[in-house]
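Below are two complexes that have chain A in common, paired first with chain B and then with chain C.
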Partner chain A sequence: MKAREWPGGLLLLGPACLWLGAFFLIPLVLMLRLSFYAFLPTGGIQEALQVANYVKVFTDSYYLGIFLRTIRISLLVTLFALLLGYPEAYYLTGLRGRAKALVLIAVLSPLIVSAVTRTFGWFILLANNGLVNNLILALGLSDTPVKLIYSETGIVIGLTHVLVPFMVLSIYAALQRRDPSLVRAAETLGASPVRTFLEVTLPLSLPGIVAGSVLVFTLAMSAFVTPAILGGTRVRVVAYLVYEEFLLSLNWPFGAALALILVLFTMTVVVGYHRWLERGRWGEVFR
Partner chain B sequence: MRGLPRQPLAIFNLLFIAFLLAPIVVVILVAFTPEGWLKIPTTRFSLRWFYAIAKHPEFIAAFRLSLLIAATASVLATALGTLAALGLIRSRFAGRDLVNSFLLSPLMVPTVVTGISLLYFFSRVGLASTLTGIIVGHVIVTIPYVIRTVSASLAGFDQSLERAAMNLGANRPQTFFRITLPLIAPGITAGAIFAFIVSFDELTVTLFVSGPKLATLPIRIYNHITYITDPLVAAISAAIVFMTLGAVLSLERLVGLDRIMGSQ
Partner chain C sequence: MAKLELEHISKRFDAVLAVDRVSLSIQEGEFVSLLGPSGCGKTTTLGLIAGFLAPDGGCIRIGSRDVTAEPPYRRNTGMVFQNYALFPHMTVAQNIAFGLRMRRVPKADIRGKVHRALDLVQLPHTADRYPRQLSGGQQQRIALARALVIEPAILLLDEPLSNLDAKLREEMRIELREIQRRVGITTVFVTHDQTEALALSDRVAVMDHGAIVQVGSPDTIYERPATEFVAGFIGTTNRIEGEFAGATGPYATLKVPGGREVRGLVTPGTRPAGAGLALVRPEKIALTAEAHPDRNALPGTVEHSVYLGMVIHYVVVTDAGRFTVVSQNVSGAAHAPGSGVVLSWDRDHTLLLPAESRS
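And now, the complex of A and B:
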């Protein structure tokens, strides 16, 4: 029954839209303009539009290097999140009731626990005399402690830890949507469990894999807290660079340009993904 | 449906959960160390670092500030977000999907970007380094969580109950306050708890808008561990973990975590 069209519905949206319009949308637009201003050596901002900030990012190998490092880290995080997240999501679909609720809480725990707390935990674990390095030395995998904190390795571990829940949830949702009769049909026709998985379940879960990967990649690209604590000034990522420009160098126009390039890059990935969804060769799978 | 063999998957599941819980468990263990450095206690446990928190009034003050901010921001975000969720589900108009994406967009924009644009905006309107500014920022970041949570609880809502009330002579406000509100109350409470947790833990946006004088608990801890690492921070973190655990268990009771997290 759709008869109950309530005109008050639109009014209810008003307060939230006004709040976000005034304090979120307008600041974003102002920042877009700020990124075209010039920074004066005296510390001021010259309100004349120019593109020097953008040119600087794309011509200076220092900034390009940090962008490449951030992309490299994010790709590795996405890969590891997929390798760990897929089997976990598959396992979750077979659970019911209390066991499922408990495993789900454990899977979501990195998101629930304070960012500073969990990163501090990795800091303790990955230190030169930490548990992980003690294990590596005891197993004879290396003679000297492996450099895990203040390195890309540490950032990849820390980010995989906090982002893998998104991968598990995406793939889990896709696996839940698959039609169980297709799996049963494959089994009835004599396919082995492995073959059923590879030829029926895996293709059907592809939308979840792709959605999860896009989500994890974009979140890794813009992550700040984890790389700031586990890498800091020794291993800078783009988000940390923006922080430095804004709060330490006080070159706000350049910081704004860096941030906008980051946003445009991640948005391109997301939009590209949606385009690919609509007319990609997986058309029938995603329908 | 037989599926793949469960036993290897069950072993993987245990290892995976160990990986997820490892850093949290380590922080809690180190909090009980009797030593002066980050040592996982093996034979003796001590509460000395929990007592040490009392000797650091700056952390207590930061904790109070974070509570104040999280309480104010979550009340505001819950009010705005609940109204918006009701508005979204009750109305059908051309730009509805667009409005929905706009209201959830603070989740899509990197928090660093939200932080710097707020800092620039606040510095122009005189809100930089103020309590009001921090709260405004936290409401932006938490509104999407409230909308998602309340929408999830509205999705299972039986509208025929409202129609029955109105057929029996109740007017719109009566129907809302005596039928709708009590039914979606768990969803609203869950949204408020969610907003509180997110606000209490918010670091990035706060780092940009708070200025040098106002330090919330996450900022205190962040500044502390960037130049000194001692078990004090572990004790503080352990205390927060226990508090968050309580909040999350009540969330699971109220609506179920999979419904909130999975409904994107």
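And now, the complex of A and C:
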């Protein structure tokens, strides 16, 4: 029997709905209201209905710059996660048994280590006298240490590391679903392995690429710990800005506005990306 | 179009010898079926011909070219798969054009060729549809068009009809044969369905345990099976155990339980001595009231009958064993269970072979 035909199915959803309603939806509505309030120089908050907070974000180049940086970092992280993750996922589909289990654990290892530990690990590696810079100096690739921490480069490296597993698993799932006889069909029709990959395997794994890049992009947009440690106050991202407004400046209305813009922007990008792909040349793949 | 030669090809998967020194020569334009139960090596053999697998030994020639070491995309074969294997992200026209594009056929020529291929399979109106919008039978025909449009040297068919329902399968069988004759392409057809193999093929190669047991025209395979396995796998057959008791020319005599003798043709290449078997098809046996001197005859009792309209199936018990008999419904009435009958059949329809030749 289908869950849809069974009214009791709603009961199963009940706990999750209650949870999301109480701890996500209601706070979100409160945040929305909060974002229209005014912040008084004396430190208080005045209940009002004004859009000054939003105007400030879109007119102040400081805040726009941080938004652009966050988007730039997230796009780069998505791109690198894809470039690193696709071959990894492809390799994984060829494995069986114990070898597959071991590689899967290796793929998931960034998620097993806590965010703070992992990021401080990168901090040590990427510091001016860290392993990476010592190597660069020893190899003569540069005369002075390369600025890796407190830079966008460091944030991109750290985020890519932790987000690659999401890309790998999404693409792996899509590749697992493909019909092996399609590859054979392409081969008998005269397609070399490279052509077969480009014309058959790659297009058919697009849903996995999309799912993976949506996950990685949204997680990168909202990432806090990694950019906070590797960028800190010197290279702020939006999530860090929100944290500062709420906990340091105590300007809750402005923090709320920033957070909501971040959420709305990310959602718009994700939905737009889907629409664009579904209407495009490879739309049939998504049916 | 070209001839295809397999010379002693073998393929081993770990401990299993999946294909065991198979040799087969297929003439230009010939339609040959590889027939056998699952696990007999027929699909592996097809994979070796297509180039998906590399043989451990032996040689594969298409035309005069040794392709043993060539990858599949340089073998110039066209293949139709059991599950159609149409590219889901391409339209029907794009699917058919795929092989032409890979061969760098000029765009203008591609359009005409795709058109003619669609006409060949009688689906000219489907060019812009996607595979999921077509029925199973239509998808299979598009798959055939896609394989043929590249004008391959060899057409390989991997159980292409087994996913279709019974009625459609029969229609497609006729159409497939018709198209194959018109194009005149050398074809290897893998199937586990004996009816398909008999209906479609110029020759049938029956496989078992990785080896070809017998190759021959459909009627040879059916009327003169070389082994008990072939006789049992293709159609049904009655087997009578006994002892050889002399031979004259192509015929021999088998003493069967109950003291009677059965005469029949000795299977070529076997020696009619010691323990033996007689094989006779159910439809070759007539139920008569009395014995005929020139024919084999065994008295028996009807155990039960199944009335099927056009034919009647009987199970008859004799001293030499239980027999299945299929009779044309000429009289309009079945012999009643318990009634005594004489089974009578021609010695030319009886095959004798030594008992140890069973495989």
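In the analysis below, the second predicted complex is superposed on the first by the 261 of 287 C-alpha atoms of A that agree within 3 Å, B and C clash if a C-alpha of one lies under 4 Å from a C-alpha of the other, contacts with A are read in each partner's own complex, and residues count from 1 in each chain.
Assume contacts are C-beta pairs under 8 Å (C-beta built on N, C-alpha and C of every residue); 3 or more make two chains touch, one makes a residue touch a chain.
Keep in mind that what you see is a predicted model, and the values were worked out from it rather than measured.
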**Request:** Based on the superposed arrangement, let me know which partner A:L79 touches: chain B (first), chain C (second), both, or neither?
**Result:** neither
**Asked** With the two structures laid over each other on chain A, which partner does A:V200 touch: chain B (first), chain C (second), both, or neither?
**Response** second
**Prompt:** Of the partners chain B and chain C, which touch A:F123 in the superposed model: first, second, both, neither?
**Reply:** first
**Prompt:** For A:I136, is the partner it touches chain B (first), chain C (second), both, or none of the two (neither)?
**Reply:** neither
**Request:** Identify which of chain B and chain C touches the larger number of residues of chain A.
**Result:** B
**Request:** Have a look at where A:A38 lands relative to chain B and chain C in the superposition and call it first, second, both or neither.
**Result:** neither
**Prompt:** For A:R184, is the partner it touches chain B (first), chain C (second), both, or none of the two (neither)?
**Reply:** both
**Touched partner set for A:H161, first chain B, second chain C, both or neither** = first
**Asked** Of the partners chain B and chain C, which touch A:C17 in the superposed model: first, second, both, neither?
**Response** first
**Prompt:** Regarding the shared-chain residue A:A106, is it in contact with chain B (first), chain C (second), both, or neither?
**Reply:** first
**Asked** Overlap of the chain B and chain C footprints on chain A, residue-wise?
**Response** 184, 187, 196
**Fill in**
In the complex, chain B touches chain A at residues 1-6, 9-10, 12-13, 16-17, 19-27, 30, 38, 40, 79-81, 83-84, 86-88, 90-93, 99, 102-103, 105-106, 109-114, 116-121, 124, 136-137, 139-140, 143, 147, 159, 163, 197, 200-201, 203-204, 207-208, 218, 221-222, 225-226, 229, 233-234, 237, 240-241, 244, 248, 252, 256-258, 261-262
**Prompt:** In their complex, what parts of chain A are in touch with chain B?
**Reply:** 1-2, 4-6, 8-13, 15-17, 19-20, 23-28, 30-31, 34, 84, 87-88, 90-91, 94, 101, 103-125, 127, 131, 161, 164-165, 169, 172-173, 180, 183-184, 187, 193-194, 196-197, 201, 221-222, 224-225, 228-229, 232, 239, 242-243, 246-247, 252, 255-256, 259-260, 262-263, 266
**Prompt:** Hey, which residues of chain C end up touching chain A in the complex?
**Reply:** 50-52, 71-79, 81-83, 85-90, 98-99, 102-103, 130, 132, 146-147, 150, 152, 156
**Message:** Quick check on the complex: what are the chain A residues that touch chain C?
**Reply:** 179, 181-182, 184-192, 195-196, 199-200, 203-204, 282, 284-285, 287
